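In what follows, subunit A forms one complex with subunit B and a second complex with subunit C.
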Partner chain A sequence: MGKMRDKLKQYLKPGYYEKYDYHWGMTIDLDRCTGCEACVVACQAENNLPIVGEKRFKERREIKWLRVERYWEGEYPNIKLRFIPMLCQHCDQAPCETPCPVAATYHNQDGLNTQIYNRCIGTRTCAVYCPYEVRYFNWFTYKWDEPLEQQLNPDVTVREKGVMEKCTFCIQRIRQAKDHAKDDGRRRVRDGEVTPACVQSCPTKAMVFGDLNDPNSRVSKMYKNPRGYKVLEELNTLPKIVYLKKADSDV
Partner chain B sequence: MSISVRDALGTFKKPAVISIIGLIGFIIGYVIDVTVFSDASPVQPINFSHRMHVSKNSIPCLHCHVYADKTPSAGVPGVSKCMGCHKVIATEHPEIQKLATYWEKREPIPWIKVHDVPDFVYFTHKRHVLAGLACQECHGPVENMDRVTRVSSLKMPWCVDCHTKKQVENGRDCWTCHK
Partner chain C sequence: MSDYREPTYAEVNRDILRTLLETGSRYWIVFGITATIAIVCFYIPWIYQWHVGLGASGQSRSDVWGTYLSNFIFWIGLSHSGTLLSAVLHITRSGWRKAIYRSAEAMTLFSLMTAAFFVLIHLGRVWFVHWSVPVPNQMGLWPNFRSPLLFDVMAITTYLTASSIFIYMGSVPDYAAVRDASTGLRRRLYTIFSFGWRGTAREWHTLGWAYTFFAVFVIPLAVSVHSIVSWDFAMSLVPGLHHTIFAPYFVCGAIYSGTAGIVTVMYLLRRCLNLERYIREIHLDNLGKLLIALSLIWAYINILELFTGWYSGSSFQYEALTYKLFGYYAPLYWEMILFCAFIPQLIFWKKIRSSWNIMFVISILINIGMLTERFLIVSTSLPRKFLPNAFGFYFPSLVEISITIGSFALFATLFLIFIKWTPCVSIYEVKETLKPLRRVE
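Take a look at the complex of A and B:
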């Protein structure tokens, strides 16, 4: 009977875990974000993202695991510019995981929404289901021009045509941190040992990354900030990225 | 007068014979491919014998493959490492003469890789060695091989089998090995 209940839970909540080993989460302080797109460049370099070229860009086939969205607010004299870095929210109830016919995308024990490139057959269903539009499809096998292939990250696969890809929270860095922790004889990774490329590159330190299971981590403390909100929370996707509202002085 | 189906069956005779011959040909081809054209035991530029070095002269694996317990790749020793001993030992042997020519030309030996995993696989020797795995568990009895032969398939089911058997922590998570 207990087994049945477990099965039902698994069915209702794909990638169901009682408790995650780690619960990687992120906060982005929009008060600090200047929209400089350093994170976008860092992500591009770290994760072997292809430069698709002008033509493909116009066809909306660009690949950016992290993009900075820009919004104008108000009328001319009181006009305001808003930035919001949009990346995979690693939802705990991810809508993208349920439709995959080959289970290429799933929730792993670290609470990460992951994508297995070898398994993906390119139905693109997940991209349709994702409310944040942060899944990108490789429409072509992209080439790196002569000196650029030298800077490809050996810890990340170079994806080919027909494969869906998305932000991994720089899982290669998480893996490396766990590796170092094991070398030191520790069971767990300490707070601040893992920094994804975007967090590392942010000049204003707007992004904070860490383990939500640890109540003393920086990210857990930032999570309790009253300015915090989650994007499209009403869809009950339980996103793991908390945005801290921009505080305006003239309100 | 009876109706015979034999005439009707006759039309299937030719395709049946062709398909049987094809099947036999396929099986023979597969066997030849696996045995003759296998890349499990390639002929190396120098007939280096692990048996000579490990079994007879009892040199431990980590003496030459120094990075096995420190980095993801175990490391193939450079020519300088070989010449460290072979400047004085068995210098007359024809294979050592070959080694000496590489040394004089200042060129690396173009060893052919026997154990290789695809680029999308994250494999680290360090974790496996530090977990107390013997080299032979994956590489087979290399100490008795004159020419290194790949014993394990190095395919995913083989990896997952061992991870399951040894109850590796998160050993069955895709992102433990895929990258």
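Take a look at the complex of A and C:
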């Protein structure tokens, strides 16, 4: 009986992200971002994203786990162009996780919002519920033409039609880093050992990725930057990506 | 028109069984047409879409839901009045229900089936649809019980089961009547359908008890089904959908379109099967009054929806609202308001309420309005969510339009099969409403 009571107590206070080792997060410094879209290409190459072609792109059926949103500010002579890279925010209270009838999307022990392609039946509810619109649906089964299939990443699956997909924070790299750490007899991955493709490719080093549970990691320090803000924070989804505001000289 | 002589018991049997036992060439022609349209416009595009993927529809990145889902709501809505109305009127002992409830319940059953098809069409990988049903399996994988879509699967299957049992149970004495009037294979078949009904006092008592039990059981079910359908939308964060009013809004709209659907079906049955003596002005009159009440509630909730958006002070809500009222689909919005809020007010006039032809037209207009309402729910809110970069535009593709048209043919085909299989007016209950001719002392 006492054992059961303890179990219940444990159940009521899960605190899973304190119990586990990692809480991956990212910061993106918009002051450094030039909108070069190197991250977009890197993501495309790393995660086997299909190249949908011009026709499908015009139908807004492209698959880009990371996109650089472009906004114009002001009227003609005083016009400004803003960039904001938008990718899955890996929300701690993810609105996309509750509605999936088959639980194909869930929070894993690293605090990542993951998508199980094999389980997905394609109701697309998660995409409707996601306020950031970073979930992409496979409207067709895409093919890679002759030499292109040679560059597919063997660590990442190729998705078929009718499946939802989105940014994973390059979970294959996280897994690999954890395995290496284990082989070396370390319990934890060191800061900087995991870099998602987008972070790796950023020429201005605008993106920082790391473990938020480690107070000394670069990302934890960047998190405290006063310029930091989260997109659509008022929806209380607890997004894990902090954007650092662009510092304007004329404001 | 109401100067028909009240039929005798024998005439009731003869008139209604005639609709089953005699099949003219006109029936076969209409049946052939609807069945062909159902196959060509519904199943063939679906198979095509199955083959190439959901890209065959007009849905794209931000508007991932489209007409499949809006038609699903429409058909679920149309299903709402039949069983619900029949059950409510049964419990309140309203005698006028007796001539119309069978076909109303059939409408429920078949529109639910059509709606269920739309769930399947909507899925990206329909071949795995069984994963959304909690079946114990080797891998210990369960569906997600927090998901409103899963509630939906449960609610709809329950409603479908309950309403089919309800309609079947009410038809047992009529199946016995068919059995007694027929010969050969049909007789043997209906012996099975009627469970060997003999009409003893004990059987009547059990039937009455069980029927009332089911009527009570079905009412909360009907209300819950459409509330749950609305939660699919209202539980999201989408500015145009995240409203607490959605559940009553959907239920009211559903009963509204369902009642209009009953009027349409009534009119057609009365015309095509010569049932003028049974489906009379009183039914039209009462359904008309119900329609007025529902149209007023519906209009009220619509105004309320505008005000919640307007008073919210949220720019996202404003954007969604402006797009709905003045955006690309604004003509459809105002058409919906005209058809569902203004035109039904004509029913206040007794002259209009008692004219079959005008009521037929109004009932069809209401359902056109309701179809657009459901279309607007998905097509105006999803393309205008939060990030302007992801704003999109939704227009249904040919496949979607064809499947929408085909669904009406599918419904008509199922209904046509039904009227040759079950008496579409309850024989025994119509007899209950007649004055007894002569008592045997």
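By our rule, the second predicted complex is superposed on the first by the 231 of 251 C-alpha atoms of A that agree within 3 Å, B and C clash if a C-alpha of one lies under 4 Å from a C-alpha of the other, contacts with A are read in each partner's own complex, and residues count from 1 in each chain.
Quick note on the criterion: a contact is a pair of C-beta atoms (placed from the backbone, for glycine too) under 8 Å apart; a residue touches a chain by one contact, two chains touch by 3 or more.
Just so it is clear, the model here is predicted, and its values are computed rather than measured.
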| item | value |
| --- | --- |
| Partner chain(s) touched by A:K221 [first = subunit B, second = subunit C, both, neither] | neither |
| Which of subunit B and subunit C A:Y129 touches, first, second, both or neither | second |
| Contacts of A:E59 with subunit B and subunit C, given as first, second, both or neither | second |
| Partner chain(s) touched by A:K7 [first = subunit B, second = subunit C, both, neither] | neither |
| Contacts of A:I121 with subunit B and subunit C, given as first, second, both or neither | second |
| First (subunit B), second (subunit C), both or neither touched by A:R82 | neither |
| Touched partner set for A:R70, first subunit B, second subunit C, both or neither | second |
| Between subunit B and subunit C, more extensive residue contact with subunit A | C |
| Partner chain(s) touched by A:Q109 [first = subunit B, second = subunit C, both, neither] | first |
| Common interface positions of subunit A, toward subunit B and toward subunit C | 119 |
| Of subunit A, residues touching subunit B in the complex | 21, 106, 108-109, 112, 114, 116-119, 155-158, 171-172, 175, 179, 182-183 |
| Touch list for subunit A against partner subunit C, complex | 56, 59-62, 67, 69-71, 86, 95, 98-103, 119-125, 127-129, 131-133, 136-141, 160-164, 231-232, 235, 237 |
| Subunit C residues touching subunit A - in the complex, by the definition given at the top | 52-55, 59-62, 64-65, 122-126, 128-129, 131-132, 141-144, 146-150, 153, 232, 235-238, 382, 385-390, 392 |
| Touching residues on subunit B, where the partner in the complex is subunit A | 119-120, 122, 124, 126-127, 130, 170, 173-175, 178-179 |
